[in-house]
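Both complexes shown next keep subunit A, but they swap its partner, so subunit B is in the first and subunit C is in the second.
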Partner chain A sequence: MGVQSMRDWHTHVYTSTYTADVSGVCSAMYELGGMTVLHDPSGCNSTYTTHDEPRWYDSKSLMFVSGLDELTAVYGDDSVLINDVKKAAEDLKPRFITLCGASIPHIIAFDYRGTARLIEKETGIPVLPVATDGLKSYVSGVDLALREWIRRFADETEEPVKNCINLLGVTPIDFSGPANVKAMKKTFEDLGFTVNGCFAMEDSFENLTHAYRASVNVAVSSAGLKTARYMKARKNIPYVVGLPVGKYMAGRMADAILQAQEDGRNRTAFDERTEGDILVIGEEVYAKSMAEAVSRTGFAAGRGLAAAALWPDTDEGLDEDDLYDRVNRSQIVICDPLFFNVFADEKTKMIELPHEGYSGRIFRDRIPVFASGEFDAEAFIERGK
Partner chain B sequence: MNTPYQLIRDMPYRYNADIGLAYSSPCRGVWNIVHYGTLVPQGHQIFVCPTSCLRGVVLTTAEMGREAMKKLSTITVGEDNILNGDMEEQLLHGTEKIINTLHERPRMVMIFTSCIHHFMAVNYQRVYRILRKEYPDIDFIDCYMDPIMRRTAPPDPSLRRQVLRVLKPAEHDSHRVSFVGNCYPMTEYCDLYVHLKRNGIEVSDLTTMKKYDEFKLMEQSCLNFTFNNAAAMAGRDLSIRLKQPEMKMRPTYFYDDIDADMQNASETLQIPDVSDEEKARLRKETEEAALRLREKLNGVPVSVDYTAVVRPLEFAVYLLEHGFNVESVLIDVITESEEVFRKLVEIKPDLKVYSSLGWNMRTADRTHEGKILAVGQKSAYFNNTNYFVNVVENAGMYGYRGILHLLGLMEEAFDSEKNMPVLIQEKGWGCRV
Partner chain C sequence: MYRFAVYGKGGIGKSTTCTALSCAFAEMGYRVMQIGCDPKADSTLYLHEGKRIPSILETLKKKRSTAELDDLIVTGYRGIVCAESGGPTPGLGCAGRGIAAAFEALEEREAFEILKPDIVIYDVLGDVVCGGFAMPIREGYADQVYIVTSGENMAIYAAANIAVAVENFRERGYASLGGVILNRRNVPDERKKVEVLCEDIHTQIAADLPRDNHIAEAESQLRPVMEMYPDCEYAVQVRKLAEYMIENGVNR
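Up next is the complex of A and B:
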């Protein structure tokens, strides 16, 4: 064995890591009145509550870790978890329980569905099994949790209402505090749509049960894609992928939603660009939408520049070598400030746009309202002069 | 709904809150293994874990700033590693890549494997053997971030031992001792430090070191002092491997115990004991300070937690015996002797004991009628008070000077409010790179 030249997405000499699927589950379920149980020894819970959850201090939502230990794992003794959840649930009386877990339950083949069924039988409280493994990014966790919630609680007898949309994949991990969510809702309402449900921030359990009233689902982040596909499969509700980053993208979104409503086909509201002098790093739908918005600015057009997106793979995150190459080939990079150490020199200009999914709470105060038709992409990219 | 506390008279001596679903409060001052690892001068930490585990250590480091980020790298365990069974190769390849990419060559590389490595029976020692041959100028240390093993080998005490594993048997210097397993420098508020310096004894303490060579001098110490339970594994290991005797300095608030431990240390080092005059003076000053503070508090309740002082029940006894109104303590395990516990039951049977870990603490009523003085972040948070002593793990305090300083901090906290929500959420109180 020696130094190999093989591609190695695993090793990160300098860079941070995107948050994991378990945080995604907790974040997605946070405001819905349930109790989320993370089956894990310890650590994932405090990571989530410290770095990924801006609502933790000021609210009393229920999220706990099971405290799995060596003997319980070796014996595969699920009764420990079942009894512990029962005890807490009997006291706290959550509306529902979500059961997710990290890598050890995964490798010992913990039966999420079976255990959920047993807890539900004994407590009478609905239990959602979300089989995360701690190996994937939050995108997977948010999506699995939202899909499971809709599968369980959404009323499938409801019929779509024209110009009624759901926003899928909305959590603080991508959108931080409520300002972005409120602005995003307002943008769609200003475009003539009714926001039927926002999964799952700034909304309620009761309202979200009417999910199937939407005529189109909008996956405003990649964390809403599985859910969108699920609803397409169940009730043939088409979906649009994109985020209204500024006026141009808001217009593209409106057109795509109306077309999807008309012909029932899924759409993306941005063009796919693989290369560009401007690079946007972040969650896939945000990054592609921002790249589209930036490419359409006078700043970019006047200089003959185009913007491309770079996003973390759900399984592998960002390959640090690839990241280094892409960043240092670009003139301008729009990214989280925690990527500072990828920049080889000052030839490449960084425009900061912090992302909680990457840097957690560190730059929370500097996150702008970007998910809005009123976001000024022109002024934003001009910082790269 | 369950009451979130028990009265001490209703509790068994054997108590451990790490049972059942656990809650993570917003209090973040206690150090984790990343903080401790950053103490090693010219050291580099490599965490090898799934994403869910990496997230916490990376952002803990990032919150310490850009310099800290230069001292940490990661190797993500992926599904492919599990399926291919190539954890050893990945570990080796990743470590090589990191070392060959770093701008500065580290003197020590701490490689943290995780729970999954135990369960996959990864032979990491084989990898370390190869690395030691490839990079003979670097000390490689096997470290563990494996909370699944916390009942038998908790990661934090394990790390305090592991970083010292590079020390080799050496000739002992009768004028050098080590303070082992602390997070904070023990200097002016530590009776032992003051006494040793006065008698010409050099103290090696990882918390104050700037260069790796200073760290290696610990090999020459003739005696190791430990001040808390988290250092016990380290102290024992050094006594076996390097034949350096360990002396446990009890982090006590009982004057006779302080005197006894100091005398024991002096005798072992063959230096004069603290003079009777000095002991009497320190004892008098401490008593006077306690009395002054009691009068100032004038019955205002006090709450103590285990994050601030490593013997919270003993400190509660001390305060109660000095007339303070101790209302509650927050502990997740009892670390004091049964004698101390029984004493507390006797003098304050209605003392409220909270577990900070319990799931029912999430919905606990955090309001407190009237002013309360908290010693520690968790006491402050759960009593929702801005009047609190913001320290962690005794913060370098030991002996009379330590008690005097702590009483001073309590007085200061009583007089002026702090921004509790902001301060308690800062990770790793006082840890800087």
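Up next is the complex of A and C:
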């Protein structure tokens, strides 16, 4: 699945890696009607898509791998890529093209911006350069792609509308199928907000061009943070980081959004805990939001327990030594089932929370609707008894 | 912000010219940043009394993503912000990728937004041999390229190749050619030869810098010539060049 690297002084003996940045780009761009080109030698784009982008498995999409070979790389002969993309674009007439790549273009300092400009000139189709390197996790790829899309297509003349929010960093890699996205949108609407744009699931190209109507951006995963920071710098739209995991977190989110709208300052909707008896492993925002929700349950409060989060580093993955140490110090661990085989012992209670960015489609049927005010954190944590 | 990339054959005097230019711009009241793009990491040497500074790549190797912007730069003579990309030991690794990685590190840390230099000078090793060495002239970096050459044939050939590379990349939104800096080696018909080069590559001589022993004398004292011998003919001509670059520059 992922081709993400590990620290050179560590070896991953037990655990898998998280989905890579190039897959993140494919996932972020999937529903927006564009053609995504991965500049890479691989002739098998299922490496990046079938396993990591769940919708690709059984539906049509415009994703291509350039088939970069040694001499083309050595000579930096970009005309091969440019001509291939031009031919494909003439046949398929995509609305836009996203150009990303893996480690070899990165190593030869392939010029994404300049090449995108040349393809755009030849085809007349907007080309988004997204300089991924195949060495980071999907979080980086999703974020770079969304930021570039907004930079290019969002209408900056729009003015913010009160109680209007964007959800940033939404892909099936973190949210699986549409059930979580629908529930998350409904939660925010029930709280009195209008969901202006959902980047980028269950929404449309046209609607998302109005991104700057939002008065507050909500980074519901860490894959939305760069985009949130960009929009803050560009049009001073504040952002809130968090996910409405259950009733308590939904309330925290609503308060944080209203405060951010009022004073223009960015906020997080969870407490930062570095240690806890309960450990949640997963993407950072989702794991921290879940940890906050779990810490506020009667189960945790009654036992004097608190939950903390552990998440994969965007650059270097999840350090197995840290992982092993943290799991062994925890009474309860909430994580993807792939971790069970490695660390399950009788002392530690493991509660499964599958994550497509880690285990792909394997446990998809067992992924709960967690991004909702109706998620029952109490019942969830009780399972670990 | 004016952004210039200085190219030219190895040993032609790029670092000396860049250092003198940085001093001249600083004298004019500009906030200057000089970025050495060479694994030897010695572009800015005489701006900080001949002491080597940690290169960006050395720092990244040690500190990885925890390296802050302040770890990657050193402030030298007249407040000039100095950075050296650094790179691998000769014969190993990939110097071009190293330059790209150093540039990405500065960009990730929003170096230009935070430091807000008025002038950025990229001092680039030798020829544009690969993608990494073209980084300084790509969109978002330098807007203009100046090529340093003498009247020696090999220096002129190298200058012509660099000009061709700049022209080839024009469609990609790269930097344009600002001019040629004649750094004299006192070979016969020197100016005339460089004028012919300029006709061929459709540019002009931006400066005619004399061969001046004050440079070597200043360097023996580990100082820039502009500081030690501010009235020497070389210093006078460098100041004129700095004015020329501003007058004909692109301020973004």
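We take it that the second predicted complex is superposed on the first by the 370 of 385 C-alpha atoms of A that agree within 3 Å, B and C clash if a C-alpha of one lies under 4 Å from a C-alpha of the other, contacts with A are read in each partner's own complex, and residues count from 1 in each chain.
In the analysis below, a residue touches a chain if its C-beta (ideal position, glycine included) is under 8 Å from a C-beta of that chain, and two chains touch if they have at least 3 such contacts.
If you're wondering where the values come from, they're calculated on a predicted model, not measured in any experiment.
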Q.
Tell me the contact category for A:341 with respect to subunit B and subunit C: first, second, both or neither.
A. first
After lining up the shared chain so the two structures overlap, which partner does A:95 touch, if you call subunit B first and subunit C second: first, second, both or neither? neither
Note to self: Tell me the contact category for A:109 with respect to subunit B and subunit C: first, second, both or neither.
What the structure shows: second
Check: Of the partners subunit B and subunit C, which touch A:76 in the superposed model: first, second, both, neither?
Finding: second
Between subunit B and subunit C, more residues of subunit A are touched by B
(Q) Contacts for A:234 in the overlay, against subunit B (first) and subunit C (second): which applies, first, second, both or neither? (A) neither
Q: Go through the superposed model and pick first if A:23 touches only subunit B, second if only subunit C, both, or neither.
A: first
Note to self: Touch test for A:14: subunit B only (first), subunit C only (second), both, or neither?
What the structure shows: first
Just to be sure I read the superposition right, which of the two partners does A:40 touch: subunit B = first, subunit C = second, or both, or neither?
first
Note: overlapping subunit A surface for subunit B and subunit C spans 107-108, 315-316
Within their complex, subunit A touches subunit B through residues 1-4, 6, 8-14, 16-23, 37, 40-52, 56-57, 60, 62, 64-71, 73, 84-85, 87-88, 91-92, 102-104, 107-108, 133-137, 315-317, 338, 340-341, 359-360, 362
Subunit A partner, complex, touching residues on subunit B are 1-2, 18-24, 26, 28, 50-56, 58-59, 62-63, 66, 69-70, 73-79, 81-82, 89-90, 92-94, 96-98, 100-102, 114-116, 118-120, 130, 145-152, 359-360, 362-363, 421, 425, 427
Interface with subunit A, subunit C side, in the complex: residues 64-65, 94, 96-97, 99-100, 130-132, 134-135, 138-140, 169, 171-174
Touching subunit C in the complex, subunit A uses residues 76, 106-111, 113-115, 117-118, 121, 315-316
